[in-house]
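Letters are used for the chains, namely A, B, C and D, taken in the order the chains are written, and counting of residues starts over at 1 for each.
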């Protein structure tokens, strides 16, 4: 059964036109069928970068485009491995092309469990997209599971175990999930393209060419050291310049508070109004099914926000409006030494008429651009190994000064968010009343920093 | 008043990062304020190409990105005109830079009246995005109108008249709306970029450089003839290859039928189910306000479709599912001579269990890539004029064989759409019963054409 | 013998970084050895576009880069053919992968016979680069021949017959030489890239995907019609905008006259001066060997021009200076009706002190962008055939209006070249004396045309 | 006089099409005239990257293209400065647009003194391109000087002093020459484009936008910190991956030895053969004029090498052939600890029949990617200053970990070059005799390193 269906190459390969990879080549019927499932098509309605398009307006691409991109990179690597490093005897550390299908399916599906406005939603409603991905793969009610099961009874479990990183072959796991995997390579290139920045570009073709399977997973030929270095620096840059952008984070803060407010009102029996957000209710009560989860997407949440613009609760309605009409909060950088000033500032915000619980926040965005393998870590990382001519391995940061500079060091910042009104630049209406409050507030800010 | 606000250049110009124009430069406070209006931000929730992302998955960009792009092209042309062809005396046919602000505002707002799934929605609910654009500009309840009114009492009317093509200065009108205008130039480049095709590329910088204001509007320096020719051919190609793609048109057919079915059910009092699509109801009864119109976006419609998946009406529920899960109809080309076969085919579709009213359709996509000015035409076109060294004008198709080939000739095709099931390729379940019907149906099709 | 060497795949494929194709993949030892021959390396010293860099300064790329590009496109097509259309039985019209090596070698070597400043040189010294290519392949003294002979005694003859279009398999011939071949596809993309224009871009990947071998050669799947159309239009545009640029043609005129003057002086025994252009002498006397031919390159000619700057003959020295220091002639368009004015103009040029034989010229640049097969033609063209689903063929211009517009119609213009001084714009020194002559001359010119 | 000519804006600006900057805009007659000088046109015959095209075949661009690119970047920065930071009162640290012309001329001419195969030529013949640039600007016999003198008697001296970094306004000097100047920004982008690599790309538009004139020269707005960081990393990467490529360095070694051999033979009276390399002779005797220097270009040297292929001296003839036919030496990395092995290896090379003086070499390529200002240094560097909102300055490496990692640390390697034959991979002919020598030689090499 397994071989029959998995062997079912399409009579003629199909292509999807893709701005990043030019074409995406679909050769297996399984892959085509997975793309056509309801759960996978739903990814078209979830933006890859959440609210980042509020800062970089071009970044409106969905998780669908990213997912087929990860599939395509994985497929190309499989082709290169099959041609250049085919397994001769089991255990020789080379590539066993029987692993191709499980790798391709895991690559395609790795993000299928993402929910509407993914990270913010998870924060408020305690969901986890990685677990949801596995659930979608394993639950017999999903079309995804039905397609995978045709390959073999055990096949969904295998695919899910790649996501869970428990699949026995480390090469397959590292293809999908490591510090330099198909997932990261696609999103850097894709997010660069759609934002219109070029920080995330690196030489994908060259990196794929220097990848080499070995017993411990995937290593990189020493000749590609600088290409790998360039990839890591690009990743670092994208985090600093795009993913951690203060305006996007501020819109996330608003979204987070908006959902929290709705939940609080609901629990207090105060989410009134003629309209009932049926599709969200199971999440307010922490009692949702997989089907509930799959009914949501960015557009559904936005639709509820559209209703809430007119909700009697002034905070809910104001936050919904700020979110839909893109009225970001302002922010400044906080350091451990200036953290103590925040309560004072929140006080001033309250004096100016804003509930600080919903109109201020601190948010830290930190990333660990690269790290060594550390078995004591909670999620130990697979370090990047370079293979020399004599097949011995060298860890990357030991030969690259640039990489060493970012190894094991988190980068990013913590920011304090507050209403734009506090800057006191437009003193219309009641603004004048609060002018002294605004002035005092602004005395605590200089050069994008809190000061004492 | 007018000059005070319109003269209000921002102390420091703002930039938006854009993949097509690299940066978009915002220099006037009016423009910044217009972008920040509720009505303009709403464009982020309406896709530029409707359902085209079902064929070209990358094309998920919104009308927001296109609108700021049209603004930017217009701004650059104004800069070039002001530098190279400044008016010396009124009526000399050169550029009067006092027209800049009205041109920029019209450029930015030219699409602000687009509705959710624009063309299909208009078809079913008899709305008109150009009229809505003017309404949004002129209605004192909109934030857009409130911003424009600060420039001058008469300013909204002026901007609206550019959209209506009744503004007295033909240069301003042609910048926004002619056979080679800022609108078309932006969408060709942008749609190319996001679809990942390259058919729509042409040399924008060069075309802008050869544009020249003259008494009759805008002409092009003879030295730029080939650049203009290239633009027209690119536009032709984009229509043939992207905008008229049969799969996108098939998804539009489904969307059209889905909305029609809902309307029919509603009018018949049969749109039952626990859920009420409140935001759509005013349109079912042809009795909607501007505010109703502005509450809709692609996501709201998709949300209703999500509910309708589970509607008791089998046609509504099936069409909603086909739309959300991307199950396109199939299609073949129809010619005047083969048109007569369609009823026979619809009959067969009915025999196979599908209501042909909702599961078949013919749809023609024709475009007139370029045409001469014809005063007898309903919408006479401004023909493209080339200016020679001695300032005399020559119409483009008289000097370009390529352009002549597409002048005044519509291009495109008419197609007949039908359920994929009719191809009889997967005879599972009840499929076998209908095998003879399918066979008969397919005998009418050869080489993507209907045959007798 | 043949199979041993040709089968000698490199243990590890080599790659060359290429701006157009990203990487060029070298898999056969034969190809690597051919690239390393003296005759092929010489192509690095001959510019692909001759003097076009005088107009488009970026276009300084050599025939070397183009040649490896043509090889790479051919290799990719072979890969696609071998995967999708492998021969099952001889004569079935599908691809026989035993043809790969001869195709690759012919692709790589198709331009190896180009000489210094190719077309101009040919014009003056009556050489022919296609014949020289075959000679280099067949002559046992060349390194190219020595490498090819290792594949098989007969192999050089086979490769040369592909160049001569007498090779029995039309698929191989058409890959290298037809109206849409690897040669043209590479040069359009490459020349676009290096000139910095974008007129020559088209969708190479898509065209390669729709190519199909058949008994008569190579056809294109009907689904790729628009991609082929786009290619032809791009080619047309590149001719109009780049290859026929008047300034480049004017520099060619100077080069042509400069070489002619040197030849005339030499034949008259008047090419005096301390320096002897040894490497050119065999060509002055029409008595050169293959080795003489291969000693020349653009730099050698330029070096002689550097010497000739100081030659006692004022015409030779002036033309050399104009060429090296880029002082183009001016030009205007001539039509059959205005041709008769030229002698008058030449007279005026003579009156202004320039020998019209060396300082004026007419030059027509015409191209036939696409044509049908015509057995009566001297060089009958392989027309472009589209293959429908039922495998029947349709000729391209019968289904594309755009192509029909350029089919069988030459395009281009004829121009009359004359010294810039005739425009009388800088009347320094003796200029004033000639002012009346200049004025009379310019009365014959209007809107870039000769007028009566 | 000065103002008349410098004010002479062209009636219509001219444009040059450029692949990097799209168009180069020429607005001043001075600039157009400088481009048309003999000395500047000569740059078309000198490759920007010397022999790097032997590794990256696309990199065949000349110093001409780079020079107009540096001009264009400078022009754009002047435009931005003039618009955003115009001087109000002398000494206010803002931009005085009277400096524009001297800045543009210096930018355009900064490389005009480069000679044929620049660095290698300088090494052998003790020339210095920066001094030659100043000489060309100042010497009244050059066309460059004649054009500049028309602006003002003193103008050539001013332009030359910018090159010499003694010009009083530090903003002008730093535009042309600092750690982030128009020169470096152009060559990184251009060399990336022509090599087809993408390591050198960075966000030029953004960097130009954040540049700010101040009393001490040019600073960068803090908001552009990451863009500057990205530029420095790109520069570092280009050095590691392109400029220091071992194959290019090996071709430089051959060129160096070839010129040295010719000089040695000449001095010993042994440079025989029928042909006299007249244009080189003044350099063999260290007694050359500016005119001698300007007669040389890459093609002239190649022409001499073409003659020397047949020179009776076997070393000269072999090296000329290796250079023209691209037969690079091989190389391995040397460290201070393995340096001592080199004499042993040279001995073995001699045993294998090669004169080690001409067939081996060590060559170190080190670059200091970024450094702080150090007044004690021989050439103190202008450190990169970031300007905060309150106008205070912060040095870049104090806020960027990535930059800190490369600050003040040279990067690169030292390599030992030797004939490919020593690897003993092709034991044809006399090869077998030397097999033991080869074996011994190769025992000293492992993983691209010398080992003991």
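The working rule: a residue touches a chain if its C-beta (ideal position, glycine included) is under 8 Å from a C-beta of that chain, and two chains touch if they have at least 3 such contacts.
Bear in mind that the values here come from a model prediction, so they are computed numbers and not experimental data.
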Labels of chains that are neighbours to subunit B and to subunit C:
A, D
Can you tell me which chain lies farthest from subunit D, using the average of the Cα atoms as each chain's centre?
B
Subunit A and subunit C have mean C-alpha positions lying a whole-number Å distance apart equal to 50
With chain centres defined as C-alpha means, what is the inter-centre distance between subunit C and subunit D in Å?
32
Going by residue number, subunit B touches two or more other chains at 22, 197
Counting only contacts in the complex, subunit B reaches subunit A at residues 16-20, 22, 36-38, 41-42, 44-45, 53, 56-58, 60-62, 64-65, 68, 193-197, 274-275, 278-279, 295, 297-300, 302-303, 306, 321, 324-327
Mind listing the subunit B positions that touch subunit D in their complex?
12, 15, 22-23, 84, 205, 209
Interface with subunit C, subunit B side, in the complex: residues 197-199, 201-203, 222, 226, 229-230, 233, 236-237, 240-241, 388-390, 392, 401-402, 404-406, 409, 411, 446-448
